[in-house]
Amino acid sequence: MNGAMSGIDALYQEAIKDYARADHGHGRLDAASAAVRLDNPLCGDRISLQVSLAAGRIVAIAHETKGCLLCRAAASLLGKRGPGLDATGVTATTAALEAILEQRSPPPTDWPELGMFAPAGGHPSRHKCVLLPFRALAQAIQQADAVSPANQGADHREH
Amino acid sequence: MNGAMSGIDALYQEAIKDYARADHGHGRLDAASAAVRLDNPLCGDRISLQVSLAAGRIVAIAHETKGCLLCRAAASLLGKRGPGLDATGVTATTAALEAILEQRSPPPTDWPELGMFAPAGGHPSRHKCVLLPFRALAQAIQQADAVSPANQGADHREH
Amino acid sequence: MSEASALRAKFPLLVANPGLHYLDSAATAQLHRSALDAVVAHETGARANVLRGSYRLAEAADRAYEAARQSAARFLNAASADEIVFTGGTTAALNLVAQSFGSLIEPGDRVVISQAEHHSNFVPWQMLRERCGVELALIPVLPDGTLDLACLAQVIDGRTRLVAVTQCSNVTGARTDVAAIAAAARKVGAKVLLDGAQAVQHGPQDVQAMGVDFYAFSGHKCFGPGGIGVLWARAELLAAMPPFHGGGGMIGAVTAEGYTWAEPPRRFEAGTPPIAQAVGLGAALDWMMDLDWVPIHAREGAMCEALIDGLRRIPEVRLLGPEPSSARAPIVSFDIAGLHPHDICQVLDAQGLALRGGHHCAQPLLAALGVEACTRASLALYNDEADVAALLAGIVRAIGVLR
Amino acid sequence: MSEASALRAKFPLLVANPGLHYLDSAATAQLHRSALDAVVAHETGARANVLRGSYRLAEAADRAYEAARQSAARFLNAASADEIVFTGGTTAALNLVAQSFGSLIEPGDRVVISQAEHHSNFVPWQMLRERCGVELALIPVLPDGTLDLACLAQVIDGRTRLVAVTQCSNVTGARTDVAAIAAAARKVGAKVLLDGAQAVQHGPQDVQAMGVDFYAFSGHKCFGPGGIGVLWARAELLAAMPPFHGGGGMIGAVTAEGYTWAEPPRRFEAGTPPIAQAVGLGAALDWMMDLDWVPIHAREGAMCEALIDGLRRIPEVRLLGPEPSSARAPIVSFDIAGLHPHDICQVLDAQGLALRGGHHCAQPLLAALGVEACTRASLALYNDEADVAALLAGIVRAIGVLR
């Protein structure tokens, strides 16, 4: 079990916990260009995320995230580094994160912080946790871009 | 396979085939005290049976039977030997037949013909075939006895 | 070793019963060793519930279950594994469609089935008719049991929402002209459901090439475990369909007031699914996808033809179903006047021949063919000429015993 | 060898994983060797379809399937094996009742469930409410997760037709006071359904003594295969209920015009059932019926108490569920403020502890308990004190890693 426990220490390295604790970007925006609520129905992670855009570029980001450390760390990282990104940047960063989780490549030089999620690669059931805030952000930007911001692409319908 | 084939010859002994061919009691009654239609939904054997009773005793019996040799032989045996029986006699004969099929006892001395069904004892899926005419007769007598002959105890309802 | 005996060697039950002529694969095909091994390996190495567990055992179970979904998607050439819903079997899959997709059909609109359907593709639609006034129309069969395609344009009318037919009859083996059905349905905007229960044991399928919208099959009919089946449907159909059963795993969230739906395929998989069975099915499908089906089909066809030829030489036998033998999957049913199929099967059994007699859950078809019951021989890849020869000799002997 | 290790020796997965502390039996209990052996023996020795075959293999399959029904009847002390319907699992059994018995309930009449139900005994009734306007009422829970029995007379009113409650909560382990429920239901002429999913792994049940009318459970929760479950219902109820799914085996006869119903239990078993799984379940139940449950219950209770005691000594832990430990099946859920159950389970997993964290398909109950998710340890007869000790140490360590 020792190998497993050192793997765990890597999975829950200080960087992850620091980001989760810091909860960068926590809160709500007064004037958002788009708002998205997403959850992982299978595990209960949930994020409400708002962005405000100018000329297609994120100028402010805020979120309220309930979930595991990995999900919260990912949301916090976006809260810190999200401003300044445009749609292309979000897509590229998400792709880079997916590549890291699938153990296909190291983090890009401009986003070294993504490397803290590399140990989650060995735990497929946790990939969704890490990716949830990124998926929410991608949806929010898409929504802000869309002519009609009505459809939030919610995961399921009320009944 | 030789043992199995000699078992088969016993199962389909001449007595069975003779009774099935003879089809004693085939037909319908002009004035029946009761009529029952029964089938084995799982195998498709089917019997329409009528009895006419006097003082609780069968005076005439008629049936139309579709099914395997065992079922038809059993119906034919009842067509021949049924008249004269009362409710108690039918119950006793059916019980004797069940005992033979379950290989618990030899045929009663007053119904030696039941012995021809003994080889079916080793084939549980065929017991229902042999018993169907007996079950139909039992229901018919019950029906004739009942004050209201409406409920035929049919196996299923139309839809 | 012949190809057939090499194949037989992979089926534990056939190995354990060398004298057995198993000719009832249309009812249940025997279990391939890889499927059995996969079930045992899963139960002894990765057994856990697949819903929401994050420990390693649960992750392994989840992975195995989803890999089986991938296998099923490849077996059917589905566009995505998300189009694969695991069910308890073909019957459950057909009931799912009748209930869920059926609830989207307006009273007075039409569902078309054929007279050749198995009860499992008959009764669910009769139940739908009772429930909500959908009209049920039948494509009639010709005297040889094939669908009367001349009627298609008339039966599949403008109000038709779904045409649900079998790919092969389980009684006559008759193959459905799927292209003709799909074209007639497309013309009026109706969807097509194919009951693949009798097709899957004869190789992988291509639902996209066939141009159908729903496809159902059972694991036990294609060398996999029982208690597992597959419903495939186009993603946009599944997305629009309401849940079938309620329970764990198919919801987004539940409160006292109501519940939300999970995305397909999970929306349709309420409760703990048959996990080990799905894994076993995946192994059976993987094995099938690795086979070269050209020689197998040739052999199946040759056996079927030899059987039909031999039966034709027995004067008492009346053959059911289409000619030539290439018009059918290797299933041959017949009637012998005056003899009941159960008696015939009993005498055949005593000679080591496992066949089924009766109405084969297709009473409307048998009524059209003018019989109440019949005896059926169905051939699979592990059968050989010796099985056919034994059957022909056995039938002659059965006539002798029973007459 | 301790009793627990003697028992563990009968579970292949546990034997293969000696370092594993399996504490997720409430999700899926491990498979007993006798059940696995029975599945393998059936698939390799008696595999055939059970519907209508008369050859020896088919008779053997039929016999094995019906023997499993007898085992289930004895396990539940049912009046007759004809009261046993095989289903795909608890969820399928509950949907069967909600749909079939539910169709006999008039709009405006009431079905009562509790706030402690698993989604599988929640959503089917919400679906029934949507379908036909049945009123759905909830027995609330007290802060410890037990049912608020003081409300019974009010909630179970004169229009109540069915009270459907769990026998033990899958989150808190809280045992339902079945006698109180049955008495309240009897007073107004309502039927009682018991969801036994969490009870059956703790020994045979007596449905007649409990005075209930329906009982549902899953094979995979009581050391049997997945993909199989049981619905028991009183014969007169089954006799009055319409079919659930349509298909082969559940009919009397089918014509183009309509169909007739087979007698129970077959009326409710459309299609080829999960035969080998039923046989495996029968073997598991036979094994359970041979055990002496008095010492097992004592051991399960002692472990549960030790676990609760240990958890109470960890200041960060908030325990959910009733006290004393005898008020619950050996299931213990807890919350650690600021830590997410998935992270906790991940760290526990690294220490060989298999636990599940989340909402456990019981969101309404968790809402009542004031948590969104929790971590659950569930104990079965193969667990021992070492599992409890490892868990307590593991939790302390998890807090260290995650804080």
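The first chain written gets the first letter, and so on, giving A, B, C and D; residue counts start at 1 in each chain.
As a convention for this text, a residue touches a chain if its C-beta (ideal position, glycine included) is under 8 Å from a C-beta of that chain, and two chains touch if they have at least 3 such contacts.
Being a predicted model, the structure only gives us computed values, none of them experimental.
The set of chains in contact with chain B as well as chain C comprises D.
More C-beta pairs touch across the C-D interface than across any other pair of chains. Relative to the C-alpha centre of chain A, the farthest chain centre belongs to B. For this pair, chain C with chain D, the centres built from the Cα atoms lie 31 Å apart.
Chain B has its Cα centroid 75 Å from the Cα centroid of chain A. Centroids of chain B and chain D (each the mean of its C-alpha atoms) stand 44 Å apart.
Looking at chain D, residues 51-54, 58, 126, 251, 253, 258-259, 342, 346, 349, 358 sit in touch with two or more other chains. Annotation for chain A: residues touching 2 or more other chains are 42-43, 123, 126, 159. Residues of chain C touching chain B in their complex: 19, 126, 130, 340, 342-343, 346-347, 349-352, 358-359, 372-373, 401-402.
Interface residues of chain C, counted against chain D in their complex, comprise 12-13, 16-17, 20, 22, 24, 27-28, 30-31, 36, 39-40, 43-45, 47-49, 51-58, 88-92, 94-95, 98, 115, 118-120, 122-127, 138, 218, 220, 225-228, 243, 245-251, 253-256, 258-259, 270-277, 342, 345-346, 348-349, 353-358, 361, 363-364, 367. Interface of chain A with chain C (complex): residues 39, 41-43, 123-126, 155-159.
Chain D makes touch with chain B in their complex at residues 51-54, 58-59, 62-63, 251-253, 258-263. Residues of chain B that touch chain C in their complex: 1, 4-5, 7-9, 11-12, 17, 43-44, 66-70, 123, 126, 129, 159.
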